[in-house]
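A short write-up of the structure that comes next.
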Amino acid sequence: MTKQKISEGDYILLYLNQRKTYMVKVETGKTFHTHKGFIKFDDLIGKEYGSAVQSSLGIEFVVLKPLLRDFIMKSARQTQITYPKDIALIVMFSGIGPGSRVVEAGTGTGALTTALAYYVKPEGKVYSYEIREEFSKTAEKNLKRAGLIDFVELKNKDVTAGIDENDADAVILDLATPWLVIPHAYNALKPCGTLVSFSPTIDQVVKTVEALRENCFVDIETVECLMRGMQTERGKTRPQTLMTGHTGYITFARKAFRGSDTLAKE
Amino acid sequence: MTKQKISEGDYILLYLNQRKTYMVKVETGKTFHTHKGFIKFDDLIGKEYGSAVQSSLGIEFVVLKPLLRDFIMKSARQTQITYPKDIALIVMFSGIGPGSRVVEAGTGTGALTTALAYYVKPEGKVYSYEIREEFSKTAEKNLKRAGLIDFVELKNKDVTAGIDENDADAVILDLATPWLVIPHAYNALKPCGTLVSFSPTIDQVVKTVEALRENCFVDIETVECLMRGMQTERGKTRPQTLMTGHTGYITFARKAFRGSDTLAKE
Amino acid sequence: MTKQKISEGDYILLYLNQRKTYMVKVETGKTFHTHKGFIKFDDLIGKEYGSAVQSSLGIEFVVLKPLLRDFIMKSARQTQITYPKDIALIVMFSGIGPGSRVVEAGTGTGALTTALAYYVKPEGKVYSYEIREEFSKTAEKNLKRAGLIDFVELKNKDVTAGIDENDADAVILDLATPWLVIPHAYNALKPCGTLVSFSPTIDQVVKTVEALRENCFVDIETVECLMRGMQTERGKTRPQTLMTGHTGYITFARKAFRGSDTLAKE
Amino acid sequence: MTKQKISEGDYILLYLNQRKTYMVKVETGKTFHTHKGFIKFDDLIGKEYGSAVQSSLGIEFVVLKPLLRDFIMKSARQTQITYPKDIALIVMFSGIGPGSRVVEAGTGTGALTTALAYYVKPEGKVYSYEIREEFSKTAEKNLKRAGLIDFVELKNKDVTAGIDENDADAVILDLATPWLVIPHAYNALKPCGTLVSFSPTIDQVVKTVEALRENCFVDIETVECLMRGMQTERGKTRPQTLMTGHTGYITFARKAFRGSDTLAKE
């Protein structure tokens, strides 16, 4: 059964309200300071997750066990991270699951990598390319915090120069020039493997889709996803005023068999 | 490594184009008829997935290996199935992954069940409640087709009367009266476990959120997700004209520790 | 005061329900047939608008006076008509109102022309260009039906060859190649006049915006508008399942004064 | 022809860029200060609208003539103003135009009132109810600035107590309890007149629609409108990241003839 007691070394999510949460590491003898007072970790250790705790100012926090989504949202924001809603669709569309072998590029600060590792464990593996070393390091830190580093091989290499792996179940692209990687992705994928690309601009999508068509991919589809929060309260229920209008487009495709001269153009 | 050759007994996805695909079972000696001509399964067996094949009318199909999303979309539509976009968010928000123990209600025709089983395997389990026997049977058929029946316990029971399991990592509700199940869900969940509810109407959301607040859940959030396809072609790129305007609202919450008299109201 | 009694020659809107309405002309001695029975016009003449009437099968219809929106929606659909939501934004963004002089291209079947004429009357005028004669004729018929033909000059000419008018308050473009008309639009507009262009594809938008920047327009803005219907019923309220995902992008700009060498690029 | 030269007493729109504009009144001998330097009005008077002008710091502004939309957006924000996109739909759906007699409640700071007055002029009239005197005063100021006060009768009265007018073409409701005004609106409307109500919450919509059904309105329809801006630049085109997720729902209906016992329920 999953461990339920708060222990030394755990990462916990201190929940104040829907707008304010803190992810912190529990360390014996230490204190965590917020604008609502401080909390002594020693008071938490041994309690059950889900317990309420009062700060020195008498404000109540709930100690939650971080979920995948929390690790994603709390990833250091050195780069524009992919949103949970997009990560959810990328994972679903790619068809990956426990045991999958996945190539990802670029790693960025590891938000998407974290999700990929989470779903392919314990038998699968994520091979994640990133050319900028400082990002790889941040990603490593984030993956360690989420306890997922063992399922990832971070590769500080230029993916546009080639992919080392082959027979991959999926290739996931989240970089500025995905179209340059499409031929390498074709070679890295097992037959019928999937490719998913995430791009903020329409021009990136057009170039990527063209490269996919030229490289014998089929079932090519591009979508965007808008998520809107609701304020729910009897008599006052309404969609929220603030909304993210755009993160990026998700393009999906599957590798077909090259050599078929007759393969119909999409 | 994943099996790559088309074999007797496999479910395959015959891909004609973005709008027309068929999921069929490969059976030696048999023939599959479409409005674009027929295909002999004997011609497919032994070929690699991703291969192109011509019908008797010379029309090309590509033989794809069905992904989770295909199994979901091809589930028999006796009931209004949850959409892949929603399933993707439900899975992500619930925090489930390989090894999770999940309670689901109702099973319906098993679209969401299929996804849950896919992500909790090989060590996890889905306990899925459904009061209508004919749905349970359809779900069983769909889960067998997807090769996931071993990770699901289908329970032909009324979930509003109670949940047998406890220490569940997540409870997923997709039924007409989720608010009636909230107290049972609280008991079935491990401390800090997650609850996700999917409902088409706003009234269902309001009642569910009220029940969650009354039952010591925190971090309550409701969202809706709109997905729009893009037609991608250089010089003619545009969003698609047709779009699903609404499927349902997704409500998320986490179980906090009961007994804290001071637990602040959301 | 507005005429309230149903009279010979009036166009009326027979309202069966939210999904089914008929726009017909009242003609003495004649009968209108629907799948819900027939209605004799003689039974309507002299009644007040808003009255209910029963068909020969005892089904009730309400006789409504058509509004601008009805005339737009009932325009013959030879071409893809602009939607009321877009027309509403085009009118608002263009800043036109009673008395405005407006150039429009192309006329199409006159849906947008009808709206422009409606808002510039009684003192204003719409000069509407259309190269395809059959469209001009349909537009003429639609404008006559709506009683607005006196406020429109239909011009069966190629607008990409030039615009005859000058000192226009606004130029409204709804044609395949708006960028070719931008220089002519600049000349036709009064100083500070507005230009609004409606285009389905992103590529059209990019070319149009580039032409606007090159031609000394400022305050350039492109938007898209999504409208979603609600099913409203206590206990069952929800957004509608079906929705139009895309009609087109609306680009807005204002003419600045040419000759300023220093005019900053947008 | 419309006056084109900048004159003493004009309200002008000083345009710096898409994100920063100033609406100011031209006053001889005075100076306008911005964070980009000051501008002397004497340098503007006599120039054509659309001209560029340099501030004391050498930054260029374009002098634009304010449009209806500018007057709406620059209305003093004492209350949450209705957005131009919603105002555009309200005007279109209501069917009002030059000559219409319109009842509005509440006035608020006059944003919607300004639009209504703009479209009903020169022969029409807007009767606008507002119970809070300070709002009526702000609205009066805004209407004067837009040059539209002559087409509006501001009434500092409680509209839930009754409407003085009758034979109105349209009643427009933008207040907290629209359902309380529906019976009065029915009496104030001419036969077949239109009612449009704008409300942020779903509960307001449900109550309003119920009141409309009970009061013999037909053709009842509720919509919401989402507007998203585009960043248009060759090679970088994409929807904007920031977006308003919700303003309110627009409900539309038409008065049918009371006394018909058989009038079918919607």
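Lettered A, B, C and D in written order, each chain numbered from 1.
Keep this in mind: a residue touches a chain if its C-beta (ideal position, glycine included) is under 8 Å from a C-beta of that chain, and two chains touch if they have at least 3 such contacts.
Bear in mind the structure is a predicted one, so any value in this text is a computation, not a measurement.
Looking at the partners of subunit A and subunit B together, they share no chain.
Annotation: the subunit B:subunit C pair of sequence copies touches via predominantly the same residues, more than half of the used numbers being shared. Subunit C and subunit D have CA centres that are 20 Å apart. Separating the centre of subunit A from that of subunit C, both taken as means of CA atoms, is a distance of 46 Å. The residues of subunit A that reach two or more other chains are 202, 224, 228-229, 234, 237, 239, listed in rising order. By the touch criterion stated above, subunit B contacts subunit A in their complex at residues 1-2, 4, 15, 17-18, 21, 48-52, 54, 60, 62, 64-65, 67-69, 84-85, 87-89, 91-93, 95, 97-98, 115, 118-119, 121-122, 167, 169, 190-192, 194, 202, 205-206, 209-210, 218-230, 232-234, 237, 239, 249, 251, 254-257, 260, 262-264, 266. Subunit D contributes residues 200-203, 224, 228-229, 234-247 to its touches with subunit A in the complex.
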